[in-house]
Amino acid sequence: MSRPVLEIRNLSVPLPRGADRGYAIEDLSLTVAPGEIVCVVGESGSGKSVTAGAVMGLLPPVLKPSAGQILLEGEDLLKAGPARMRRLRGGRMAMVFQEPMTALNPALRVGDQVAEMLEAHAGRLGRGARRDKVRQLLADVHLPNPESLARAYPHQLSGGQRQRVMIAMALANDPALIIADEPTTALDVTTQAQILKLMRELQARREAGILFITHDFGVVSEIADRVVVMRTGRLVEEGPAESVLCRPQDPYTRMLIAAVPRAEPPPPRARPSLVSPVLATRDLTKNYGGRGLFGGGRPVQALDGISIALQPGETLGIVGESGSGKSTLARCIARFVDPTAGHVRIGGDDIALLPARALHPYRRRIQVIFQDPYRSLNPRRTVGQSIVEGPMNYGLSREAATARAKNLIALVGLDAGALARYPHAFSGGQRQRIAIARALAMEPDVLIADEAVSALDVSVQRQVLELLEAIRERLNLAILFITHDLRVAARLCDRLIVMLDGRIVEEGATAALFADPKHAYTRALFAAAPVMKAPPVEAVP
Amino acid sequence: MGRFILGRLAATLPVMGVVAVIVFLLLRLAPGDPAAILAGDAATPEQIAAIRARLGLDQPMLEQFATWIWRLVHGDLGTSIISNQPVGRLILDRIEPTLALATSTILFAVLVAVPLGVLAAWRHGTWVDRAVMGLSVAGFSVPVFVLGYLLIFGFSMQLRWLPVQGYVSIADGLWPFLSRLILPTLTLSVIYIALIARTTRSSVLEVLGEDYIRTARAKGVTEARVLRRHALRNAAIPVISVIGLGIALLISGVVVTESVFNLPGLGRLTVDAVLARDYPVIQGVILLFSALYVLVNLSIDLSYLLFDPRIRY
Amino acid sequence: MSALDETARPLPANDPGVPRKRGRALPPMLRHPAVLAGLAVLLLVGLAALAAPWLWTGDPILLRPRLRLRPPSEAAWLGTDAFGRDVWSRVVYGARVSLAIGFAVSAVSVLVGLTIGLVAGYVRWLDAVVMRIMDGVMAIPSILLAIAMVTLSGAGIGTVIVAIAIPEVPRVARLVRGVVLSVRTEPYVEAAIGAGTRLPKLLVRHVLPNTIAPLIVQGTYVAASAILTEAILSFLGAGIPTEVPSWGNIMAEGRQAFQIAPWVILFPGLCVAATVLAVNVIGDGLRDALDPRTARGVGVR
Amino acid sequence: QGKPVTIRAVMHSGLRITDPIITTAYIARNHGYMIYDTLFATDAAFKVQPQMVQDYSVSDDTLTYSFTLREGLKFHDGAPVKSEDCIASIQRWGKRDGMGQKLMEYTASLDVVDDRTFKLVLKRPYGLVLASLGKPSANVPFIMPKRIAETPADRNVPEEIGSGPFKFVKGEFQPGLKVVYEKNADYVPRKEAPSWLAGAKTVKVDRVEWINITDYQTAVNALINGEIDYVEQPPHDFLPILKGASGINLVNFNTLGMSGMLRMNWLNPPFDNAKVRQAVLLAVNQQDYLDAQIGDPDYMVPCLALFICKTPNATEAGAPKPDLAKAKQLLKEGGYDGKPVVIMQPTDLAISASLGPVTAQALRKIGMTVDLQAMDWQTLVGRRAKQDPVSQGGWNIFHTFWVNADLLNPVNNVGVNGRGKAGGWFGWAEDAEIEALRNAYALETDPAKQVDIARQTQERAYTIGMYFPTGQFTQPAAASAKLSGILEAPAPVFWNVEKK
């Protein structure tokens, strides 16, 4: 094998004092050969981004590498001066970031942003030549209509298109090394699949080494030549993709791999007997916008005649790409927004068009768990206060509510001391448990989980899903489970609904749907999902 | 877009209506009687009453208000009670110095403050940052008139570089015009510089933390370019809106600065009018100032279009 | 006068990136030497104001026309003013009034603005009406509004406070309304709605606390600018009556004699500058401490 | 001929009302002296001298006055000055001015004899005909064209046209800011040397600009810096600076000076009681006022003569001497109940602003409760006209000041007007005895007897507590050394002034 494009030797980056551990990364060594894709995986906070930042020389000032070497084509970057680093950045190494929404300057045309890469490095290129090159690059990443697209602003592009622009930008000067820090995490599955395909294709053509950071083993199995697993700043395992995925040595790796949801539905449970549904909607419609004297914004039909029914003890999954109206449906049912038309029945009563005042008795019966665990708890109130608030609103005494909170906090797997603490003292997964406890405290009939696990690490995700499963069993709850991730849906749901553009395009029992998706969109969704090709691994051998 | 502008213009009407009502009520409830002022030292109550009647001040308030608004809608700001001149003409006579002072202040302040603010943000946490911020806080701490006196004392009385007071129209020569504008501009811009520099700093600081700045740096673009092309433009909106909101501050400062430097502008016209209870003049000028404020802020809203392509009305 | 406060934008309801212990917002700011100095100055001035009668002061309004405009001496440390009153006594007693004005104006404008902002932010149909009125008040040049109001109700501390506070109200209201609008879409607020919490409780428990940090910051700026505005009102002849010494009216009365008796204007001027500076510095410190965005690291190797 | 010679002057206030008949504002009077001429004028010896009038004669029964105008008098619009113009002007002035009203009361007819001659016939002998027509201060009977003088007496004249030594430049007039006058080339001065307001009004410059600078600090700095030539009333605190500055002269043009006045409201308690008023007069000390107001002994004239020291009517008869014990006793006798006394203090008028606090301190010393209310001058002007009780926006005490020329005798000194609510001056002092004395003074034609009546008037005024004179003072103007020939006069005049 030829000389590696990137070689990190015994790199350590200390954390500032007061952090939860001493080093962001500690004694890390890894190499990337030309034409190779090296995936760095690890849970959140394991030091993946810091590694990328250290290579690019883009660490925040508080983080300074204290030991080791970073060799880019043999040159030690830690010894390079600012001017030299500037030359290398974008020249010999380039980076693609996680958030395509924010990584592009919203005020500049994308073509100019790509061209800037050329201006900064290939200064000799004339204006016209630059324009041609930009067009070429945009075409290379399969952007339609490169000519006109170059004149667009970032907000006029979809997330996938933006990520393609970022990749085009990275490719502009034929770098030896491309670092991609979770480039697909923010995209929906179909787009993610396209981007991954693109990266493979480019890498095959260009012979650049790619350091690909991700926390998703599905992605790893799709793209990696070699895998590096990190945990709390240290390298725990490394090797060819094949061997790490199929024969993980380190228990941590095994645990990670085991946590990856399989895209196979578990065997169908005994369906709850058909009683009258606890929740049903009929022809639910919601239009946004078009309001106001002078018209505020374009009108959007977010929901278009949705009819669903939910039995006690049943879990109904709703999948669909971003913007398909899943959250809107949840919010209409919970009456955080007012539906435009249609019916929402709780028990027998239609609450769709009730005025806010009259809603009070019904609120208790539907509870929502939100996507963002960091924003769904009031940071200024203790966990206990947050949990007892609802029951007390419905007349429970403080003592009784507190007793109930204690039970629930135990039920969700936290100790009673948690009640006295504030949300910031908990991790994302723990917060999501607290949110579940809060919802359960209301003794609801229906629990709506809107992307309740999407923001969590796979390992944590798995725990929360298990919790929901357990609760469903114990309390005979009806759950409306909203997700964009088919694998997650497959694991939990009895029935699935596939949404597209505010409409239901397909509906059926989970297993049946997986076995034989009817609608083209559903099939596309299945095809795109990154799937672990390796056989299942038990967490504990 | 045209629809949007029209809509926004229409939305300024209620605001101006509120201003009109407030100003009118405030004045009519105020003690002090222009009739008594006109009547003078040796006047008898009957004379005062006669003058009140002639000025229409004995009419019910609602009627007075209706009359005023009716005339206003027809472009008639009324006639000064004291000097008998049409308010429109008084304002026209006085508008030039005020505009000159305000414009030069804004220009000067922006030219000084924006680079300072960017510098402070770029050198965040260093002594440069602290010095710039310290100075601009200090700028907020000295009463305008004290600063004015100090500048006159230093530059006019001791150094004799610049005239103490007065205004010369630009039509009568550039240097005479400028020389009389320099000190008032300096005096008035201090607060404005402080305001803009602080906003620029915090806005640029915020933008510098954005992902696309990291992207730009990852491209190997020079720092100067990062600041100019990526940071400044995206930081512009808060800065521009503070310039607009600061117009109110500026107008307040103008009132004081004009009396310290004897600039025959609108600020003094208003203070004089308030002291003389010259209702039509006060109403006219305040309405004008408010309209100016509203329009400036409207055009600033529109200027966002230039800076942020995401905004599409 | 403090459009400056527009820089004090509402803070994000919480900040996922940097977990922070509750109540820890203040101490880091205390570590800033400038903020410490500001607090020290403010404390000093505040103590002096409280202890005015024991600080070797005489009657601040006692006229001794025969001793007018005497330079600082043993008898009158800071000299005398145009009425022969002792400048030291006036400045020390003036601290009471000026601080009271700063405090009262910020309290009044914050309280009124908070109420208006909360209501406007939460009661949809009131919002448009109330905010138009606020826009109207904001469009009127504040100094002119204040002059007009002082001449309206006669000079007095109360009037001056109200006159300075009213133009500040719309700014506070807008700030609060902004916070409310952003907070009301927070998931935890929706969760509370879902838990059946009714409006008043919702506002007090979940919305109000978010406004406190920006309001404290805003309040300090308002206080600082109120002290200055009072001076300007006095300068324009619409300030606090001369029998109630305030830094503003001491300076305004002394400006006549600026060149022959600079001490009359110098000492209160220094006090105003130092106090306003101190309050502003504290405000900046608070803002930096309370706003996680400024704490975010920015840099390049 | 090069650039026009221009005097730039900062007057005590901005000119807004250009009609010197409808307002008593001194700035309007000064403006009047620029563009109008008078039939008679007072000279430095307080003698009334003909000005526009060539000759006049008085019939033996002293009832008929006949006036002949000088030849060649022309208004600025080119029309000759005729008798009808003078009559119309006198009649309009007679509706506004106190002395004018009195004169009209006694006038049977005013008739044109020919273009240059007119006749005034009295109903009964009246001693102040010439003194009225030659009245030096507000309101001065200025002569305007008939068509303008026919403007109703409560309405500003539409045009500024006179026959005086300067012409008003309408196009450059900015109310409250700037007034421009140019030399009236057609003006024919008298042959006599100028003396006070009488004699030759010879204009020696091309233009005079009055610029209003509200901030005296700035005005004085501008004068020192050579940007302006003249400051009419630099506050006394600036005089040491001006004395020290090179190229500046202090010109005490109004040697007669000015006086401050403490005025109580007779309608409201406690000052509806003569004993309480008396107590106030005994509590206050003129020297305190002068010290607070002026400070510099060179410019203050302690003087308790109500009709002004160093003038024919000067006397200290009846003047109170400070006596706190007696004051306290009178206060008790007067039944003062401790209710706060409202003193209005005009903060924006430097020269009157300093009087209020002094009074407040004096009244507190004898045990009165004082509410010193700060306000701007125009609020004061509005409020002092209110006859209501204090609780309804009335008042107890205010201070003002006068040019001494306005106080010289019982008839023109409004402070001793005793007509109460029926035509009295603010404060509404009411006293039949003093009114009788004033009438006697007006009708008396023998100067010696007039002096005696004036003395009695003063004694009576002090006894009943009509007002307290807070002291006389002079107010020099500051002028650039380039100016010469500034005349002494009770008003600042710009004829005879040369600029190098």
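Order of writing sets the chain letters: A, B, C and D. Residues in each chain are counted from 1.
As a convention for this text, contacts are C-beta pairs under 8 Å (C-beta built on N, C-alpha and C of every residue); 3 or more make two chains touch, one makes a residue touch a chain.
Just so we're clear, the structure is a prediction, and the values are computed from it rather than from any experiment.
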Maximum centroid distance from chain A, chain identifier (CA atoms): D
Geometric centre distance via CA averages, chain D-chain B, whole Å: 40
Chain centre separation (chain B, chain C; CA means) in Å: 21
Centre-to-centre distance between chain B and chain A (centres being mean Cα positions), rounded to whole Å: 49
Distance between chain centroids, defined by C-alpha means - chain A, chain C (Å): 45
Residues of chain C touching at least two other chains: 151, 154, 237, 255, 258-259, 297-298, 300
Multi-partner residues of chain A (at least 2 other chains): 58, 85
Residue numbers of chain B (touch at least two other chains): 31-32, 149, 217, 259, 275
Full enumeration of touching chain pairs: A-B, A-C, B-C, B-D, C-D
Partner chain B, residues of chain C touching it in the complex: 1-4, 6-7, 34, 132-133, 135-145, 147-149, 151-152, 154, 224-225, 228, 231-232, 235-237, 248, 251, 255, 258-259, 265, 269, 272-274, 276-277, 280-281, 284, 293-294, 296-298, 300
Chain C residues within the chain A interface of the complex: 13-14, 16, 19-22, 186-198, 201, 205-206, 209-210, 297-301
Chain C residues within the chain D interface of the complex: 61-63, 65-66, 68-69, 82-84, 151, 154-155, 237-243, 255-261
Residues on chain D engaged by chain C in the complex (per definition of touch): 216-217, 235, 237-238, 240-241, 287-292, 295, 345, 347-348, 350, 353-354, 357-358, 360-361, 372-376, 379
List of chain B residues in touch with chain D within their complex: 31-33, 36-45, 47-48, 50-51, 54, 80, 82-85, 90, 93-94, 149, 152, 156-157, 160, 163-166, 259-262, 264, 268-269, 272, 275-277
